[in-house]
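Some structures are shown below for you to check.
Paired with subunit B in one complex and with subunit C in the other, subunit A is shared by the two complexes that follow.
== the complex of A and B ==
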């Protein structure tokens, strides 16, 4: 059973109009990573918030403190009321199911529309650690998300840059210009996260140097062993390859590079 | 007699049964770190099948380049190092058949068996017709896989693979040691894979290791890639006691592991040998041992190796001939 973390609420406030931040103190349990996300929501006193919550651990003094971030636009009216009234009491949550490590001397952050909430904790933690940081907004970010990101990044004294044209070449150009040991963090939808990973690996970044939080539905794929065609992974365990027409059995053998499961030729 | 025929005779032509690397040391088989020090420390082994296998390899490389050769750009230095190692070895150990002349960075490699001569500038890709690993792989019977050591792990970053035992280089490229072994039952989930990875990470230059792996083959086909399963996978239907001796083969992989010091990686070579059952039974000790191994083999291993459904047939055949 996953360890439950109990925190004492210290204060809460609205951040950049669209987000809510709660400062809390860890009373029981522990966080293994400094930055993470609880996708299932949290319990504030006797109420439940089902919206995903991102968090950053701030070790100050005797007890560890954390900051929790919630996107108010994803909350129901009831949840917004709960948050507004959460000035004291306790928070209960499971350990984050998505985590980000802060190892490394330099970090490149790629942030998309859907990843601003997830990026806040990492931006704060990196600012506090004093390492080098470059923050890039993904192409075609919505105005509200971009403004919120710009404001937050400005508070941390980081420049916010955009990816010229948003294309793969621009991303590659940024990644190629870095020194050895630079770490990449992506907070965006899965397709952009995959794109960044592919480009980074092609250039020579290792898996350990690329991390992030993908948002939304991840398109799981099957690799046809015969013709190498990629296709959507259904719930069924067998499919017909859409390119070569061969029946395939979908295995559990997974390629992180291709982000796909092996579909073996079925001769039965 | 033409030159090629003459050369064919020159490789020691002991009968297959005498030179086949029988993979079982006991009457029972389980996954283990069954590596031993490689003595002498030689990667390449020439057998009378050389011409057939090199010809087969080169056809596959031309016809299915994406399937048979993959390499990340950052492995070029390692590939040069491996190519140099193997060329030096071939010229030293198999000096009747290979020669290597070095004039500074200008090298000339002679393959007398195939009557081929290649001159190139060492370190200059533009002077070779293929990437270095791909080039030297076309002169040796072994499949060559390069594992790059990085972040405390081993990554399959390059390889030339023409005769796989049902695994795909195109799919597995870039995987860590544990990831590309994940389909192997028991080995991958018992902690053994982690132990062996630790062993490989501690390997020293100049102290290679070797181990034997095995599976069964329906037919004499070396290319048992998942890409071609539609061609070779159907062979298991229609097996019976009358034909199993001729059709079924014991497939042994002579694997050799060399630390590549300049690039901090491991060269993993695989030389595949096939022995038909109807020849294997001529060695009664082997037949008896192999029968016992099959009887004792856990079902998940037999399933993974693809012969669970007809294992009883194989045992029956062997028992008839012990």
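== the complex of A and C ==
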């Protein structure tokens, strides 16, 4: 069973009108990564918030402190009320199921509309670490999300840049100009995340140099062992290959290079 | 070690430097298997007292496998291997060697290869540079030696890879600094081969400059020095045998002495071939194969170098 983390609430406040931030102190348990996301929500006193929460660990003094961020727009009315009243008490949560490491000498952050909340903890942690940071907003960001991001990034004294035209070439141009020690962090929907990763891998970044949090439905793929056709991976464990018509069993053998699961021919 | 050995004959011996000899080996019959750049062979030399197993990188161009070439430095602290090669082995001698094995392959993902060698550590890079040049890939060599006279393959490297090679001769007060790895373009991989001290220094620097572990490659020819060794007991749970591992022997040595067919290859903790499952006891990890995460989370140990922190370990053998 995963270790539960218990925190004492120090204070809570609204951030940039759309987000709620809670400062808390870790009382029991430990966080292995400095930045992460709890997708299952948290318990505040005896109440449950099911909205995903992103967090950053701030090691200050004797006890470790954390900042938790919640997107108020994703919360129900009840959850907003719970948050507004959360000035003291305890928080219980599981260890983050999505984590981001801060290793590297320079960080490039690519942030999309849906990834602003997830990006805040990383931006704060990187600002505190004093490393070199460049923040890029993805193309076609909504006005509210862009304004929130711009305001937050400005507080940290980082420039916010946009990707010219939003195309692959612009992204590649940014990535190619970097030197060893640069890390890429993407906080956006899965299609943009995959696109950035694909471009980065082509340029020479390893998987260890690319991380982040993808939002929404991930388009997973299956590779047919017989005809090599790539196709969408459904929830079922067996499919019929869309090209050669052979029944396939979807294994858990995943190729990071092909970004697909192996579909073995079903001999039964 | 289950591969079938190959019988070879020494076809040529050449003095590369006053301390280094190169040997050309040809098959006694049949053909030699092809090899990839960075591969090495194990040579089996029968002396009066015992059979010496020694590993040597293949220095020839991997495109040609009609013969194998190795280079041996006469070590001041030779345990018999290099001394035997230099004083006993001559043209016409026959011996057995292993199939080629590669624990230092070129990365197919790298966009730029930075090869860093000291002394006899140049040997795996000779095959690598041939491969890289043939494929038109980007690389640079940084090679430290005492002087040009004591620099194996100096003339060959100068004539074939002059544009990519940088030499550092200590006799001319030239030093090879780790800063050569700094500010390299994304996609650069670094490869080290030489004394343990050099590898440790460059590896730590590479990590601090931000190279991910997957971009750092190195090969040691001797096991790293990792502190005093204490005896321990080991229980083989499948075969129900209890063994004692003394301080001057490895677990692998003891298993092989007992006739247990434990697989192995490098014998210095770098390849993982001798990994065994640990069922009980605390492991003193001394290898450089397992990641830190593997050492913490997986119940395994590398039998050729790792030992027990507790008085006893139980392994699934």
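Criterion: the second predicted complex is superposed on the first by the 260 of 268 C-alpha atoms of A that agree within 3 Å, B and C clash if a C-alpha of one lies under 4 Å from a C-alpha of the other, contacts with A are read in each partner's own complex, and residues count from 1 in each chain.
Note that a contact is a pair of C-beta atoms (placed from the backbone, for glycine too) under 8 Å apart; a residue touches a chain by one contact, two chains touch by 3 or more.
Quick caveat, the model's predicted, so the values are computed rather than measured.
*Asks:* With both structures lined up on subunit A, is it a clash or a fit for subunit B and subunit C?
*Replies:* Superposition result for subunit B and subunit C: clash.
*Asks:* Of the partners subunit B and subunit C, which touch A:79 in the superposed model: first, second, both, neither?
*Replies:* Neither partner.
*Asks:* Please work out whether A:104 is in contact with subunit B alone, subunit C alone, both, or neither, and reply first, second, both or neither.
*Replies:* second
*Asks:* Between subunit B (first) and subunit C (second), which does A:179 come into contact with in this model arrangement: first, second, both, or neither?
*Replies:* The answer is second: A:179 touches subunit C but not subunit B.
*Asks:* According to the stated criteria, A:228 is in contact with first (subunit B), second (subunit C), both, or neither; which is it?
*Replies:* After superposition on chain A, A:228 lies in contact with subunit B alone.
*Asks:* Just to be sure I read the superposition right, which of the two partners does A:253 touch: subunit B = first, subunit C = second, or both, or neither?
*Replies:* Touch status of A:253: first partner only.
*Asks:* Kindly classify A:204 by the partners it touches after superposition: subunit B alone (first), subunit C alone (second), both, or neither?
*Replies:* Touch partners of A:204: subunit B and subunit C.
*Asks:* Report which listed segment of subunit C has C-alpha atoms clashing with subunit B; options: 98-106, 242-250 or 278-286.
*Replies:* So the stretch of subunit C colliding with subunit B after superposition is 98-106.
*Asks:* Which parts of subunit A are touched by subunit B and by subunit C alike?
*Replies:* The answer is residues 204, 206-208 of subunit A.
*Asks:* Can you list the residues on subunit A that touch subunit B in the complex?
*Replies:* 201, 204, 206-208, 223, 225-226, 228, 246, 251-258, 262, 264-265, 267
*Asks:* Residues of subunit C touching subunit A in their complex?
*Replies:* 109-112, 181, 183-188, 209-215
*Asks:* Tell me, which parts of subunit B touch subunit A in their complex?
*Replies:* Spelled out, the residues of subunit B in touch with subunit A are 66, 72-74, 150-151, 155, 168, 170-176, 179, 182-183, 226-227, 229-230, 233-234.
*Asks:* Looking at the complex, which residues from subunit A come into contact with subunit C?
*Replies:* So the residues of subunit A in touch with subunit C come to 103-106, 175-176, 178-183, 203-209.
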